Structure formats: structure tokens, C-alpha cells
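Below you'll find a set of structures to go through.
Paired with chain B in one complex and with chain C in the other, chain A is shared by the two complexes that follow.
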Partner chain A sequence: MATFQELVGLAAMASLWMLGITRVRSMLWGLGAQGAALGALLLFRGINNGSIGETLLGCAVIAVKAIAIPVFLNWSACRLHVVRDRGVGLGPGLAMLAGALIVVLCYFKSGWFSAAGSVSGNAGLAIATVLMGLIIMMTRRLALGMLIGFLVLDNGIFSYAFTQTPGIPVVIELGVLFDLFMGVLLAGMVLFRVSRSFEHMDVLEMRELHE
Partner chain B sequence: MSLAIHIVLLIALPLLLSCVIRKTKALMQGRPGPPLFQPIFDLVKRFRKGETVSSTASWIFRANPLVGLSIALVVAMVVPWTGAEPLARGSGTADLILIVYLLAMARFFSLLAALDTGSAFGGLGASREAALAVLIEPSILVSLSAVALASGTMDLSVALQSPVRGTVALLSGSAFLLAALAELSRMPVDDPTTHLELTMIHEATILENSGRNLALIETTVALRTAVFFGVGVQILLGKALRSPDNAIVSAASSAAAILMLGCLLGVLEGIAVKLNWRRVPSFVAFSTALAVMSAFVAAVGA
Partner chain C sequence: MIVALALSIFPIAVAVCSLAVGSVNRLRMAAAIGGVGQAAATLWVALPILRGESRPTFLIWFQMDGMAAWMASVNSIVYGAAMASAALLTANPHDLHLTSKGVRAMFGLTALFIVAANAVVCAADLGALWVAMEATTLVTAPIILLRGTRKSIEAAWKYLILCGVGIAFALLGTVLLLAAAGNGMQGGGSLGIAWLTAHASSLKKSLLNASFVFFLLGYGTKAGLFPVHNWLPDAHSEAPAPASALLSGALLNCAMVALWRIGGIVELSGSRTLLLGLLAPMGAASVLAASLMLVRQQDLKRMWAYSSIENMGLLAVAAGLRAAPIFALHALAHSLAKSSAFLLSGNVLRAYGTVSLKKLSGVMRRFPGLGFALLAAGAAVMGAPPFASFVSEWLLLARAADDRLWGIVIALVAGLALSFVAVVIHLGRAIFGEKGERAENPRYAGSILPAALLLAVSAATFLAVTPATLEFLGKALQTGGRP
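And now, the complex of A and B:
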């Protein structure tokens, strides 16, 4: 049986890359590549199993995760005049090596996370993507960078669910995807409000709640 | 038969590759560019020109181009970068550690020669290239080790031609190609066409060479580019490119893949901006991180 581990590995590669860069637009390219890899995973698996629902879901994932969300976030970044998100704590090189360490540990211990009867390596790579998303969220200063970290985390959960379970009904998955997109739109609105009332999005500067 | 194909490709492909890269780059920049085979004409012209040698230069300066070219030729002969059968396949000549340190020796000589001329640029370029080499070497070593681990042999001539799992191939192939960009001083790390003192790395080390010396060095660079690209292609796409019973088909598809990669590099050089020198370590860190990942994926094997 084909396990499509290359595509899960590609998603992990994209998050590793996003750990080490500060330009928001490059991060969005990484996010889009990750979404495309996960969508392609579903698409190919759907075609392999002859399941129309999974194939369609793959197309929907590519449309939302690889195109709609990155394009929307790029538009917001242009409107908010955000180019770079200088991280705090870990520098780019160290962050990438930390990410590689996480992947290695998760891969070694992938037996802990994997469901019976599935390929354990995929579970390790997916959990590593979740953890790298967490690191991105922790080490960014701007709310936009944190949002991207959250989306990486979500992609990790998504790839875990799809490589470890036989599948959730397509209707529910489509609903979750739609919810995610609405969530990103709402977060974008909140970002506009934040930057209008504080004139920046730097979380280090937000020490108290106004009004 | 297969060895003959390897030798033919070894002679033809490097020059063709440098022609393709230059033409694609020119087209990407919106200019017609010189004729396709201009790099070859340049090479012939340089072989016939006289040369100027710095008065402080010793025999090291004269020996460097020959050492570099002969090491590159040895590596190109024993490593199966064309997809065809190399010289002395399976005899352990193409040992991974040996190949990496042969390349390091070539670099050592080019650094010595750069310092030997006594020009300020030589020292500057040598120090930069040495710093870069320290960063890149682990990445190349670890990504090749991942392939060696996955195929169970240190002999590259066997390891590169044995089937490797897709994930290992993807991770170590990308790590190797990214490291190769830095090693060959191509675009995101170093601009091969720049001669600005603030930015040049590799160019600064060969600035004092002219005439025949320069032609030899350029041949070496072309050969090394082809070998590194070929090894990257063999790791990344080897399984798809090889056809076990027909050597001509697998060599031709590998050659096509290498030339495609050259086009890709031309496009990249057209759109990318050279990295800030202080950001280069994080570029290399990505490659190293991928290499470490691939080595562990190969070692665990789940």
C-alpha cells in the first residue's frame, strides 16, 4: 500500500523552512506549499482508493489551504505594511536545528503516537509539524506570525488525522475546513482592529489592556 | 559500453550545462544573451591567450588549476553522476569519505593559491570561502551518509545506484542540492558574475588568474557543477530515471534531468536576490537540518 510518506515529509520540510525565515511573504509561500502537499496527499490517496469524496476533499484542501488562506494573509500583510517579523528568543539557524531535533525525536518515538495498523513514521512527522507550529507561535513577535504558526499547527493535526485514521466523513471534514477559513478571516479582521488601535502588532509592546 | 557512455557524458555535459545556465539566465533577465555556445568559445579563446602572474606567486599558484581539475576529473570518473556505470564500480574507490575529502583538498589548494598571489582580494575571498566551507561540509557529508545508510554501503558508486526509500531520497536530495548551490558558489549565496569587492566570494579567489590558468579553473567549475547536479539528481530522482536493462536510456534521462536542473538554476538566478552574507548561515542551517532529518529517517526506517 502506498503511504505517501514523501508528501508528509514535504509538509515537515516546509515547516522546518518556515521556522528559520522572517519575511512574512516567504512564510506564506511555505504555508501554501505545506497545504498543497497535504491536499495532494488526499488527492492521490482518493484516486488510489477510488474514493470520489476523498478526491474532492483533496481539491478543496488545495483550494483553501494552499491558495485562499495564503492569498488572504498576503493581502492583509500588504494592507498592514508588515514585511518582516523579527522573532524573539531563537535565531533562524538555531530554530531550524531545533526543528530538525524535534523531527528526529518524534521520528524515533513515532511508535508512541501511531495508531495500530498505520505507518508509524508518518505519525512522527505529523507530530513534529505540530510541535514546529508551536515553536513558530512562541518565537514570533507579530500577531500575523503567530497566526501563521497556528496554521502550521493545524496542518500538523490535519496530516496526523489523515495518515492515522481511515478517514472522517467528508461532510464533516469540509465543515472543519470552512470553519478554519472563517477563523482566519476573523483573525484577519482582529489584526486590522489591533493595528488600528495600537498602531502596531508587536506583542512584546502590549503590556496592558487599554479601555 | 556503459563506461563509454559515462566518459562521453563527462566530456560533453559540463560545457553544455554551463551554456544552458547562461542562456536561461539571459532570457530570464529579458535580454537575448550571447550565442548558446559562447562559454565554449570563451574557453577556447582563454586557452590561446597569454597570462600575467603576480611576482609574489610561487609554484602553488601554477599548480592549483591542475590540482583542481585533476581532482574533479577523478571524482567525476568514479562517481556515477551520469546514471551510467562509472570507472571501477563497486571496488570501493568512490568511498564517501574519500570523495568529500578529495573535494576538500581541492578547496584547500584553491585557498592557498588565492593567498599566494599576495593580493588583498585573494585573502578576502579565501577567508570567506573557508568560512563557507566549514558550514557546508557537514551538510554534504550527512546527506550523502543518509543515502549510504539507506543503501547499506559507503561506496557511492553502488549507493547512488541502489533503490532508496522515497522520503530519504526527497530529504537528502534536497539537502544535497541546497548545499551544492552554496558549494558551487551559485546564486542565493554567491553571484558568479559579480566582481564587486563587497560581495564576491569565489570570484575573489580566482581574480589573479588569467589566460590558460583561468580557462582550466573555469573548466573545473563547469565539471564540478555537472557532478554535483548529477549526484543530486541521482539521489532525488534516481529510482525514476534508472532503467536496469538499458544503459543508454538511463544515461539520457539523467542527462536531460541535469540540463533541466540547469534551466531551473538559470531561472532561480534570474529571480533571486543574493543573500546577505550574515544570513548565509541560516540558509545552510536549513540544508543541514534537512540532511540530519534524512539521516535519521534512513537510520530508523519506518
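And now, the complex of A and C:
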């Protein structure tokens, strides 16, 4: 039976690519591609197995993760006049190198994380996506870049859930997706407030609160 | 169905009122009535469960067992007091630095929050628990934003991103646990807590252990455990006082209940060492770190916030030792004391226009009622008799000593002693100081009834604790069969 789990590799590659770029719009393309790969995994598998719930969930994932969130963030970036994230700490080249190392390590040590019945290597790729999301969060300077890193991390968790588990009940999974979407909208709202009152979105310069 | 209705009808009515009712004054009345109604309705459904008379499932993924009944009661009592106090403090919204739209938003969002918080404690499925927990983050973040100052915006961003990452880790923990459950099982596993408890010994060990670590990091962030506590002091000090009371008295408990339930599964799977080796030490570290940070606080609300971290540490130790009655008792004791402390800080802020400990002095001389209440709240928070936290902290220390966990005992004693001294010095200056600061709005200093009632309940709990009631509590918390 085809499981289409190879799409997880595609999602991992998208985050590796995102590590190496600074243009926000390109990062959003990567995020969208990642969401589309995960949604397609569910959609194809659902159609293949004749499972209505999974097919529906695949459509929801594509709608939210591949379309709604990237479009909303792109709209926000345009309104906020954010084009590039210069980054902090690791530069894009080094970050990408670190990401490649993580992918290789996790791929070969996949057995640590994998559950029975999954294509070998996938658990590692999902965990690598989570870790790369963390690196993106840590190496971006702008609030928007951090948010994108968070979404990559979240996509990694979804990859793990879709390939390693028998499936969370669809209603709950939809709840998770809904919460995530509301969270992004809320974060967008806060971003607008940040840029209005700080006149910048540089996380390092947000120091109003004393320890 | 009746339980679901009882737990949500009042807050939903308040949320609808916050959108529909024209005048802010009527909304205040509605919120106060709704808050008290919520407390009464929750006790009405929870008490029979605690007495072992009934055990309702109210939706597929939600069930009210003993622990849920206890914690939902705590949440709703805090909510009732917070709403009553909020109604008193918003007599003139401009004094609160909020627009009338802001007041509306505060009442509406806190109402939604209490529904989500009660859903968290009642969740019988870890997936549903996660969804409800994330919902609490989403409805509380805008409350922190309400004042609209740069500080509050930064606090809200920090809260959203740190708790977002935390909750993502908890999601990873959830899927890892599901993977551990699905491993080699016929028909796959389930995230139902009852199912996981029943099959605890056949879960795949390595994945279960990994999932516990992520749960600890994830829900630990939400509970404000050291070292993932950074968002807490900012969020608690920037939110309006009634919301701070809810964050500290209800939200933190929700995360601790999640850790408690997961800890139960881990214990049954035979990995007790994880609880004693990770959860309890993390709690003890929180107690110690928070008390060290308490020493140099200059702001009343931030001081209470650090004390919340300390108390969550105590709860984590109780959860690590799997001492159900102590856990429940201390959750109640902390919620009562800390909510009243935050509500009284609201009075101080309204009356003086500041909560800076440098500027406050001689509260007792100017407003004896408020000064005395603050003193009592401080005593209750620090675990001095005659308040419930004295008994729960004492029992926890005794239990840790019984288990011969000397490292934890030493850390707890050192932390509790240090924070006691720090709070006494900070509060003492503010309450008894010589020169009395001029109050801007003296009329707000008098509306302390809700906070005083919480303290009275705490004192009553102190008097009620006997070996017999502890045994009853232990039995009551076991109804439902879920950890």
C-alpha cells in the first residue's frame, strides 16, 4: 500500500532551503511548499485508503498551512514593509550547513524516534524539521522571521504525527489546526502593534521590560 | 450535558453581554453576577462528584473526575472573585488606563478563558487537552495587550511566542506519546487518558520517555517552571489586576494538572524515576530560583509573579512525588492566596496609581483595611498560619522527608525561607513605612471584599484540614479512575 511518506523528505528539504535565505517572501514560499507537501501526503493517502476523514483533513491542511497562513503573512509583511531579515548569530550559509548536518544525523539515527510501520528515515526527517524550525527561530532578528521559524517547527511536528502515529482523531486534529491559525492571526495582530509603537520589529531591540 | 452547561452557561452569557450590552455599567453588573453564578454552578456539579455520588461524562473527550471537579471548582471560585473585583475596580474605566472597549474586551476574554480553563482540567484525552490549553493562550494574550503600552505589547509578544513554542513542544510530546501507544497495538493507540493508563505498561518505553521530556518542557513553560518561566513575570505584571489573578490562580494550575495526569501515565508505565529525577528536581529548582529572584523585585505585581513560579515549583514537587491530596490542597491554597494578592494589588494600583515598591509606603496608616488585607494576603502567599498554604507546604515537606529526598527538602526549605524574608521586607516597607504616599483615588482602596473573601476561604481550609479530611480528599480525587 502506498503511503506517500516520501513527501516528508520534501518538507524537510523546504526547511533546509529556508535556513539559507533572508528574503521574507522567499521564506513564505518555502513555508507554503512545506504545508502543501504535508497536506498532499494526507490527501493522497486518504484518497488511496478511501478514508474520508483523512482526505478532509488533507484539504484543511492545504487550505490553512499552504494558502491561508503564507498569504496572511505575506500581506502583513507588505503592510509592515518588511523585505529582508538580516539575521543574528549564524549567517544564512552557516545556518544551512548546520541544518544539513542535522538532517544527515537525524536521518541515520531515525530509529531513535520511529514507531513501527513507518518508512525508515521519516521519523528522523520530521525531527530534523522541528530542529531546523528552532534554528530559524534563533537566527532571525525580526519578529516576523521568528514567527516563520515557529511555523516550520510546527510543520515538523505535523510531519511526525502524520507518519509515525495511527492518527489523531480528525476532530481534534482540526481543533489543532484551528488553534494554530488563530494563533497566527493573533501574532499578526501583535506584530502590527509592535511595529506601530516600537517603529521597528527588531526583537533584539525590544527591551522595555526590565528583568 | 448538564455538566457542560453548568460549566459554561454563565461565562458564555457574560461573553455575549460583553458584545451586546450597551452600557459598560450594566456589563460590569452582568460580569459580577456571571462570575458568582459560575462559581456556584461549578460547585453544584463538582461536589456530588467529590463525594463519590456521580461521575458524568459530558462530551466524548471531556469527563469530570475527582481531580477535574476539584480544579474546576478552584478555577471558578477564582473567576467569581476576579469578576466581582473587576466590577468594583472598573467603576471608572479611565482610572484603569483602559478604554471602555478595553473593559468590554477584558470581560469577554476572561469569560472565554474560564470556559477553556475548565475544559483543560476536565479533558479526558490528551489531544483535547492540548486544544483547550492552546485556547487558553489565545484568549489571554489579547488581555495582556489591553493597556496598549510598549511594555504590555512586548509582554504579549513574549507570552505568545514563548508559550507558543512551549505548547508546540507539548504537541510534539502528544504525538510522541501517540506513537508510543500505536507501536505494535492492534488498531493503533489512543490519546484517551483512561486508555493510556490501562495500557501504560505496554507503551514503547523510549518514545514514552521522550514524550514526557517534551511535555515537561511544554506544559512546564505554560506553568512557568524554571528555567522556562521568562514570560510569566512580564505577562502577570502587565495584565490588568483581575486578569493577573486569573492567570496566576487558574491558568498555571491548568498546566500543572496536565503534568499531573501525564505523570500518572508515566508512573504506571514503570518510569517513576522520570518523575523523581526530572519533574521533582525541576520543581525544587523553580522554588530556589524564584526565591532568589524575589529578593530584588521592585514592583508589587512582579513580586507576586515570582512567587507564583515558586508555588508552581512546589506543585511540581508534589506531582513528582504523586501526592494527590497535597497537590490538590496546595493548588487550592495558592490560587486563593495569590488571586487575592493580585486583586489587592489592583486596589493599590487604582488608589495610588503605582505598584512600585519604591514609591509605596505607609499603606496601613492611610488605608487600614487595605493594609491589613495586603498583610494577610502576603502571609497566605508565603505559607504562614492561619492559611491553607501553611498546611500544604508543611505536608509537602514532611512527605519529601518521608521519601528521603533530602536534596529536595533542603532546596525547598532554603527557598521558602528566603522568599519569606524577601516578601516580608518588601511588603513591610510598603505597608508599615513611615511616610504615607498621597493616594490619587482613595475610593478604590475600600473595595476589597472579593479578595478578603478568598482569604477567609483559605483560613477556613486551614482549619478544616485534619487526617480525616485528607483521607476523604485522597479518596475523592481518585473518583473516575484517571490519574
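Some observations on this one:
As a working rule, the second predicted complex is superposed on the first by the 205 of 211 C-alpha atoms of A that agree within 3 Å, B and C clash if a C-alpha of one lies under 4 Å from a C-alpha of the other, contacts with A are read in each partner's own complex, and residues count from 1 in each chain.
We take it that a contact is a pair of C-beta atoms (placed from the backbone, for glycine too) under 8 Å apart; a residue touches a chain by one contact, two chains touch by 3 or more.
As the structure is a prediction and not an experimental result, all values here were calculated from the model.
Per the definitions stated earlier, placing chain B and chain C onto a shared chain A by superposition produces no clash, and the two fit side by side. In the overlay built on the shared chain, the residue A:M138 is in contact with neither chain B nor chain C. Once the two complexes are laid over each other on the shared chain, residue contacts for A:V104 go to chain B alone; chain C is not touched. When chain B and chain C are set side by side, the one touching more residues of chain A is C.
In the overlay built on the shared chain, the residue A:F198 is in contact with chain C alone; chain B does not reach it.
With both structures placed on the common chain, the touch criterion links A:I52 to neither chain B nor chain C. In the superposition on chain A, A:A115 makes contact with chain C only, not with chain B. In the superposition on chain A, A:I168 contacts chain C only, with no contact to chain B. In the overlay built on the shared chain, the residue A:V83 is in contact with neither chain B nor chain C.
By the touch criterion stated above, A:M13 is placed in contact with chain B alone, chain C being left untouched. After superposing the two complexes on their shared chain, the closest approach between C-alpha atoms of chain B and chain C is 18 Å. No residue of chain A touches both chain B in one complex and chain C in the other. Those residues of chain B whose C-beta lies close enough to touch chain A in the complex are 165-167, 170-171, 174, 279, 281-282, 285-286, 288-290, 292-293, 296-297, 300, 302.
Chain A makes touch with chain B in their complex at residues 5-6, 9-10, 12-13, 16-17, 20-21, 91-94, 96-97, 99-101, 103-104, 107-108, 110-111, 119-121, 124.
By the touch criterion given at the top, residues 112-113, 115-117, 130, 137, 143, 146-147, 150, 153-154, 157, 160-161, 164-169, 172-173, 175-176, 179-180, 182-183, 186-187, 189-191, 193-194, 197-198, 206, 208-209 of chain A touch chain C in their complex.
Put simply, chain C touches chain A in their complex at residues 61, 125, 127-128, 130-131, 134-135, 137-138, 141-142, 145, 148-151, 153-158, 160-161, 164-165, 168, 171-172, 174-176, 178-180, 182-185, 187-189, 191, 204, 206-207, 210, 234.
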